[in-house]
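Shared between the two complexes below is chain A, which pairs with chain B and chain C, respectively.
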Partner chain A sequence: MSDKTTLKYTPEHEWLDIDGDVATVGITDYAAEKLGDVVFVELPAVDSDLASGTVVGEIESTKSVGELFAPVNGSVAEANSAVVDDPSLVNSDPFGDGWLIKVRFTELPENLLSWDEYSALVGE
Partner chain B sequence: MSDPVPERTSPLHAVHTELSASFTDFAGWQMPVRYTSDLAEHAAVRSAAGIFDLSHMAEILVYGTQAGEFLDFALAGRLSAIDVLQAKYSLLLTEGGGMLDDVVVYRLGETTFLVVANAGNREAACEALQSRAATFDVTVDDQSDDYALIAVQGPRSRAILEATTGISELSVPLDELKYYRAADAFFNGVPMVVARTGYTGEDGFELYLRTDAAVPLWRALSEAGEAHGLVPAGLASRDTLRLEAGMPLYGHELSTETFPVQAGLGRVVALTKEGDFVGRSAVEAGPAADARVLVGLVSEGRRAGRAGYALVSGDTEVGIVTSGALSPTLGHPIMMAYVDPALSEVGTELAVDVRGTRIPATVTTLPFYRREK
Partner chain C sequence: MPELFSERHIGTDASAHASMLAAVGYDSVDALVEAAVPESIHVQELLNSSIPAAASEREALAELRELANQNTVRTSMIGLGYYGTLTPAVIKRNVLENPSWYTAYTPYQPEISQGRLEALINFQTMVTDLTGLDTANASMLDEGTAVVEGMLLARRASKLTTNVFVVDADAFPQTKALLASRAEAVGIDLVEVDLAGGAALPEDAFGVFVQYPGASGRVWNPASVLAAVKDQGGLAVVAADLLALALLTSPGELGADIAVGTSQRLGVPMGFGGPHAGYMAVRKGLERQLPGRLVGVSQDAAGHPAYRLTLQTREQHIRREKATSNICTAQVLLAVMASMYAVYHGPAGIRRIAAETAARADALAAVLTGYGLTLVSESFFDTIRVHVPGEASTVVERARELGINLHLVDDATVGISVDETTTEAELRAVVVAFGFSADESFAGLGSESTRLPEDLVRSSEYLTHPVFNTHHSETAMMRYLKQLADRDYALDRGMIPLGSCTMKLNAATEMEAITWPEFASLHPYAPEADVLGYLGLIEQLESWLAEVTGYDSVSLQPNAGSQGELAGLLAIRGYHRSNGDLNRTICLIPSSAHGTNAASAVLAGMKVVVVACDDMGNVDLDDLRAKIEQHAENLAALMITYPSTHGVYEHEVTAITQAVHDAGGQVYVDGANLNALLGYARFGDFGGDVSHLNLHKTFCIPHGGGGPGVGPVAAKAHLAPFLPGHPMAQRDDHGAFTHAGGPVSAAPYGSPSILPISWAYVRMMGAEGLKQATGAAVLAANYIAVRLREHFPVLYTGDNGLVAHECILDLRPLKEATGVTVDDVAKRLIDYGFHAPTMSFPVAGTLMVEPTESEDLTEIDRFIDAMIAIKAEADAVGAGTWPANDNPLVHAPHTAQSVIEGDWDHAYTRAEAVYPVRSLIRGKYWPPVRRVDNAFGDRNLVCACPPPEAFAD
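Right after this comes the complex of A and B.
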C-alpha cells in the first residue's frame, strides 16, 4: 500500500504514484466508499493513448457507475488484470492491490493536488 | 436558486453514526445507504437477517366510522374487506388512472387503518387522502413524524424477535402470525405493531412504534440478533433485495403516467368492488393498446443495464430500463424495464444499450429470486 500523504490527487478522486515517467493510477478510498461494492472494472488496453480528462474506463458498483478519467496525457504501460478479475480489490485496498493502470506520461499537469489539498476537498 | 430543504434525520440517526454508516439523501431524509458493504448486507438478509431503519416512510392514520368505505373510494383496493390486523398492498390512483403512490394498509381496528406511503410521496398522498375525505366521516392524520419503523428481514427474523428482550403481550404468537398479518404488542410498555411484511423477498417483520422507543428497540433487536448473524442493512441492499424479488419501486417502475396494468398490478385494482373509486373510469378504459408494459430482463456478464438505459431490437428503441443491477444472489445482471407489448413475451431477445455497448438481454418472468419455503 502506498503512503497516501506522498501521492498526488485529482478532483476526480484519483491518486497518482509517480515514479520517473510512469504514474500508477487508482481511485481514492473516499471514491471507493462512495461507490460501494465494486463489481465490474473496465480498463483501457495496454499501449493505448490517453488524453488527460477523457473517460478511459469504468468502475461499476452494485449501486452506480463511476468513470475512470485519464489524469495525464500518455500511453497505458500496464493495466491491473487482478482488479479486473477481482473488482473488490478497489474497496479492500484502493491505494495498493486495487490500483488500476500505469501510465507512461510526457508531462504532468500542474493542477494535481497534494494529500492536504485533496483531504480538504473531501472534507476529511 | 431556492434554499435547500433542510434534511430530516431519523430518530435512529445517532445509532447509525455510531455504526459508521454512510448516508445518502433519500426524499429529503438523511438515511443509511450502507454500514459496511452492500453485498455483505444483501447476503446477510438472504442467509440470516438484516435490520433496516425505515423511519423515513410516511405513516398516515385514517379513522372514523366510515374509514373502510373511505379507503374503498380513495384507494384502488377493497380495504373495507380486510380483517382487523390484516395488511394489504394497494395503490393511490389519480383521476386519470395513473399511480400517485403505492402503499401498504394495515387495519389496526374496526374503524382505524394505518396507510404507509413512500417518503417521497408523503405530501402528495396526504393531500390526496385529505381531499378525497370530504364527504366521509373520517379523519386523515399524518403521524409520520411520530412513528419510527424498523424492519427485520431474513430467514432468522422470527428467531430474533422471539429472543428480543422487552417485546411483550403479542396478540398473536409470532409462529402463528401469517404473511401480511400484524399483531399488537408492547415494547418496554410502549405500544407497537408487529407486521409480517417487508420489501426484500424474505420472511420478515416490520415494527411500528413511537419514535422515542426506536433506539432501545434497535439495540434490543441487535443484541438478540447477534447470535443469529443479524447485521444492520442500508438502503443500497434494500434496493437490490427488492429488485431481485421483482418488487416495483415508486419513481422507477411506478408513476402518475403509468397505469397499474402496465406495471403488472392489475390485480391490485378491485374492479369488481361496488361503488366508485378515484381512477375507476380511467382504469376501466385502460391504457392505449400499445402502451409499454413492465418486464424482467436478464443478461450475461457483469455489466448491468441501469435506470434510464434504452432497450433496442435491431435499430429500434423498444423500451427503457427502470431498475437494474448485477444481482448479488444470482451473479448476473437483472433489470426491470418497460417495453413495447409486442416484445414482452418471456424469452424475447432484446439488447440493452450500456453506455454505447449493446448487451443482449432476454425477457424473463418476475420475480428473479424466490425464497425457498
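Right after this comes the complex of A and C.
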C-alpha cells in the first residue's frame, strides 16, 4: 500500500504514484467508498494511447458506474489483471493491490493535487 | 342512488377523509389539492366532455360485451410473427387471472420476489436452451423492437466504425418498418439483401439481421452469411421462432451472436398484437451489452442461493444517456406465461407441438401441390406461400367466408401459417378456398414433416433442467404456481407504496374482458371488418385520454412508458425536420429526471444537456435560461416531469415551458406522475406539446411483476402527424388526425388486449371519479408526510408546504445519527409485512412513498405505525441498546429458518425479529430468503436455472 501523503491526486478522485516516467493510477478510498461494492472493472488495452481527461475505463459497482479518466497523456504500460479478475480489490485495497493501470507519460499536468489539497476537496 | 365504482376503487371514504384532512389542516380535499397545485395551472371547467357519466361495473361490462360483439373471431393463418396457441387453462387461471402474479411490481426488492424471479430465470433458461446461446434477458417488449435492440447492440459491440446494417429481405414487414424508423434517427444505414437468394453482402457492415425461418416460411441455412459478416468484424443477429427451434438447429449453433424473437406462440393469446414477451439472447462476452432486465443467481446473508436482478448498471436508471437501452418495463407476466408453458409441456411436449405444426404445413402443402400449385419455398416449418397468379384475392376472400384469414402477400401469392390449434377441418377449408375438393384427407398429419432441410434438423437437447421435466400433471403445475406465488409480495397481500410507480387497484371488473376470445384471439393484421369493436374502443380511449391531458391526438401504440417517450421525441424530431430545422437536436433534461428520459433522447438522435435543480428540488430557472441561451439555435426540446420526480408541483412550470417555446423548442412533459394531476390540471394547458402516459400507473393496467405496460403518446395538433403510424394498421386516421411517423411497436395498436382495462376504469369512474381519485391520492400522500414528518424529514415540498401524490422521506440524517441505512429500513419493512417504498430514487439515501388512492386508512396507518416503530428501533441502535452489527434492522429480513434453526445468540429476541407487531402472528408474510448479496451476484454471473442441489438445504 502506497503512502497516501506522497501521492498526487486528480479532482476525479484518482491517485498517481509517479516513478520516473511511469505513473501508477488508481482510485481513492473516498471514491471506492462512494461507489460501493465494485463488481466489474474495464481497463484500456496495454500500449493504447491515452489523452488526458478522456474516459478510458469503467469501474462498476452494484448501484453505479464510475468512469476512469486518463490523468495524463501517455500510453498504457500495464493494466492490472488482478483487479479485473477480482474487482473487490478496489474496495479492499484501493491504494495497493487495487491499482488500475500504469501509464508511461511524457509530461505531467500542472494541476495535480497534493494529499492535503485532495483531502480538502473531499472535505476530510 | 346506484352504487358507484369510484367508492370501490378509492380506499378512503368520507369519514377517513375527514380525519386525514384534520391532520393535514384543510377543510376539504378540493381545498387541499387546490392549495398544492399552483393556481396558474388549475383546469377550466370542460364543456362537452367526451367522457360519459360513470357506469356501474355491470353496465361497463355490458358495453364491453357490445364492443366485443363487433369483433369477429376467425381462425388466423396470417402468421408474420403471430400465431394461434392454446393457453393451458391451468396457466390462464393461476397466472393471467391471478392477482398474486399480475399485481406484483418489478422485482427490485429480491427478498420478496423470489417466485417471479424463479419464473423469469426459467424463461431465460428456456430461451438460452432453444436459441443455443449463453445468456438471455428476462424479456423484451416485442419481436420487432427486439430486432432493433439487436441492431443497436451490434453497433455497440462491433469494433467497426461503419454505419451499415444488413437486413434480410425475407424479414417480417413490421420488423423492416421498425428498423427503418429507428435506424434513421440514430444514423444507421440499412441495406436490404436477399440473403437466402445468395445476393452479395456489402463489405463494411457492422451487423446482419436474418429472419429464421423467413417471413415467407422458407427455412434455409444462414451459417455462411453469418460467418461472412463476423469475419469482417460485424455481429450476427437472428430472429428465430422459438417453436421452430424445437426442430431446427439453433441460431447459436449456426454462429449467431444475438438471437431475438417473441414467445407469443408459447401459450400467450395474440390479443390483436399484444402484449407478448419478446426475447433476446447473446453469446458469452456480450452479456454486459444486453438491454433490459436480467435475472441472476446470488446468495443471501445465510449463504443460500437467491435470485435477483443482476448487472443493473447497464440500465437507464443508473447509466442514463449511456445505458444499453431505454427500455425498463418489460413483459414479465407474459414471459411467466410462456415459461410456464415450457414447464408444463416439457421438452417432449414442446417437440411434439412443433412436430405436429410442421406436419400440418407439410400435409397441406402436399395436397395443394398435388393439385398442381407451386410453392415459393419447398423448405418450411409452419408457413407456406402458394403461387396463384391473379387469384390470390379470390382465394383469401373465399377463405374468409369459410372463417379463415389467410395472408394476401400480393396478387399472385397467398401465405398460410398453421399452428398448434389448426384442425384438419380448417386445413380442408383452406383447400376449398383454393377451389379444390372438400373431402381431401391429409395423409401426412400423423408423421414427421419432410420439409425441414436435413442439415438443419436439430440434434442438440433443450429444456433438460428438472423444472421442465417435473410439473407435467395439472396438480403439480397448479401447486408449482401456488408455491412460487406464495414467495412473493403483491397487492393481494398489502400496500406497495412505491413512489413514482402508482401501485393502485387493478379491479377485477377491469380485468374481466381481456381473456374474452373477441379480444384475445384476434391477429393484429386481421381485416378491418373483423376488428371494428377494437377500433371503436381504441378511438374512445384515445379521445378520453386526449381530453384529460389537454392534447389533441393520442397514439396507443407504444408498449411502455419508455417507448412513449421515444415516440414523443421522434415526433418532435420529425416536426423540427419538417420545418427545415435539422440542427435542432439538443434535449434539455433536469438532473432530477428519470434516467429513461436521457436514454430515450439519445435513441431519438438527440444530445442530452443536463439542467441543474435548486435546493428545493425544482428546475433551476437561471440555469435553464442559461442553457437555453447557450443552445438556442439548436434547441429541440425540454423534457420535464410534472409533478416533478421529487413529488412536488413546481410553481414555475409555466415560466419554464414559456422559456422553451420562446427559443423555438418543444416541451415534452413526462406523464409518469399524472396520478397527481388528473381532473385538476392538464399538461396541454400549461405548455406541454407532447407527453407519454403510463396506463399501467394512472389507468389501472396491472404491473404484472414488471410488465406489460402501455405508454400512450399524446400530442398537440402540430405534432400529431408525426405520431407513430404503422404500415399494417387497419386505419391511419385517429379522429381528425393521421399519424404518419414511423412505428415504435411491432403491432399497429401496441398491446390492445389490455386496453379494455383502462377503458373500463375511465368508463366506471367518469370524469368526476377520476378527479376524486386524484384528490384521494394527494390527500393520502400529504397525510403520510404530516404523520411521519417528525420522525423522518420530508425532503421536498411545494406551495403551502404540500407534496403531490408522493413524498420523499430523507433517511440520511437517520444514518448519520444511528448508522442505520435506507436498505436496513427497506428490508425491515418486510418483517413488518410491507413492500418497501422506492429506495434511493430520485435522491440517494431516501425513501419515496406513494400510497395511491386505493389504500384505505387502516392500511395507511399500519404503514405509518411500522415506519414509526422502525424509527424507534433505529434510535435504539443509535443509543447503543443494540450493537450496530447485531440488531433487527441490519439482519432484516428474517426468514422462518433464521429464527428457528440453531442457537439464538442475537442481542434482540426471536419475537422482536419476526413479530415486531403482534397482529403479524395471525397473518404474516414470510420472506423465503434473507438479505440478498448484490455484489456476489454481479461478480459471479449466473443467469440460468441452478441445479436442484444448489437448494439442498
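In this text, the second predicted complex is superposed on the first by the 124 of 124 C-alpha atoms of A that agree within 3 Å, B and C clash if a C-alpha of one lies under 4 Å from a C-alpha of the other, contacts with A are read in each partner's own complex, and residues count from 1 in each chain.
Note that in this section a contact is a pair of C-beta atoms (placed from the backbone, for glycine too) under 8 Å apart; a residue touches a chain by one contact, two chains touch by 3 or more.
Quick caveat, the model's predicted, so the values are computed rather than measured.
Peer 1: Using the touch definition from the top, say if A:63 reaches chain B (first), chain C (second), both or neither.
Peer 2: Both chain B and chain C are touched by A:63.
Peer 1: Could you let me know whether more residues of chain A are touched by chain B or by chain C?
Peer 2: After superposition, B is the partner touching more of chain A.
Peer 1: Just to be sure I read the superposition right, which of the two partners does A:40 touch: chain B = first, chain C = second, or both, or neither?
Peer 2: both
Peer 1: Residues of chain A that sit at the chain B interface in one complex and at the chain C interface in the other, please.
Peer 2: In the superposed arrangement, which is not itself an observed complex, chain A uses residues 37, 39-40, 60-65 for both chain B and chain C.
Peer 1: Going by the contact rule at the top, pick out the chain A residues touching chain C in the complex.
Peer 2: Contact set of chain A toward chain C: 37, 39-40, 60-65, 87-88.
Peer 1: Applying the document's contact rule, which stretches of chain B touch chain A when the two form their complex?
Peer 2: Residues 22, 33-34, 37-40, 42, 236, 239-240, 302-304, 306, 325-326, 328, 355 of chain B touch chain A in their complex.
Peer 1: For a test of understanding, state which residues of chain C touch chain A in their complex under the given definition.
Peer 2: Contact set of chain C toward chain A: 288, 312-313, 318-319, 322, 840, 934-935, 938-939.
Peer 1: Considering the complex alone, what residue numbers of chain A touch chain B?
Peer 2: 33-34, 36-37, 39-40, 42, 58, 60-65, 91
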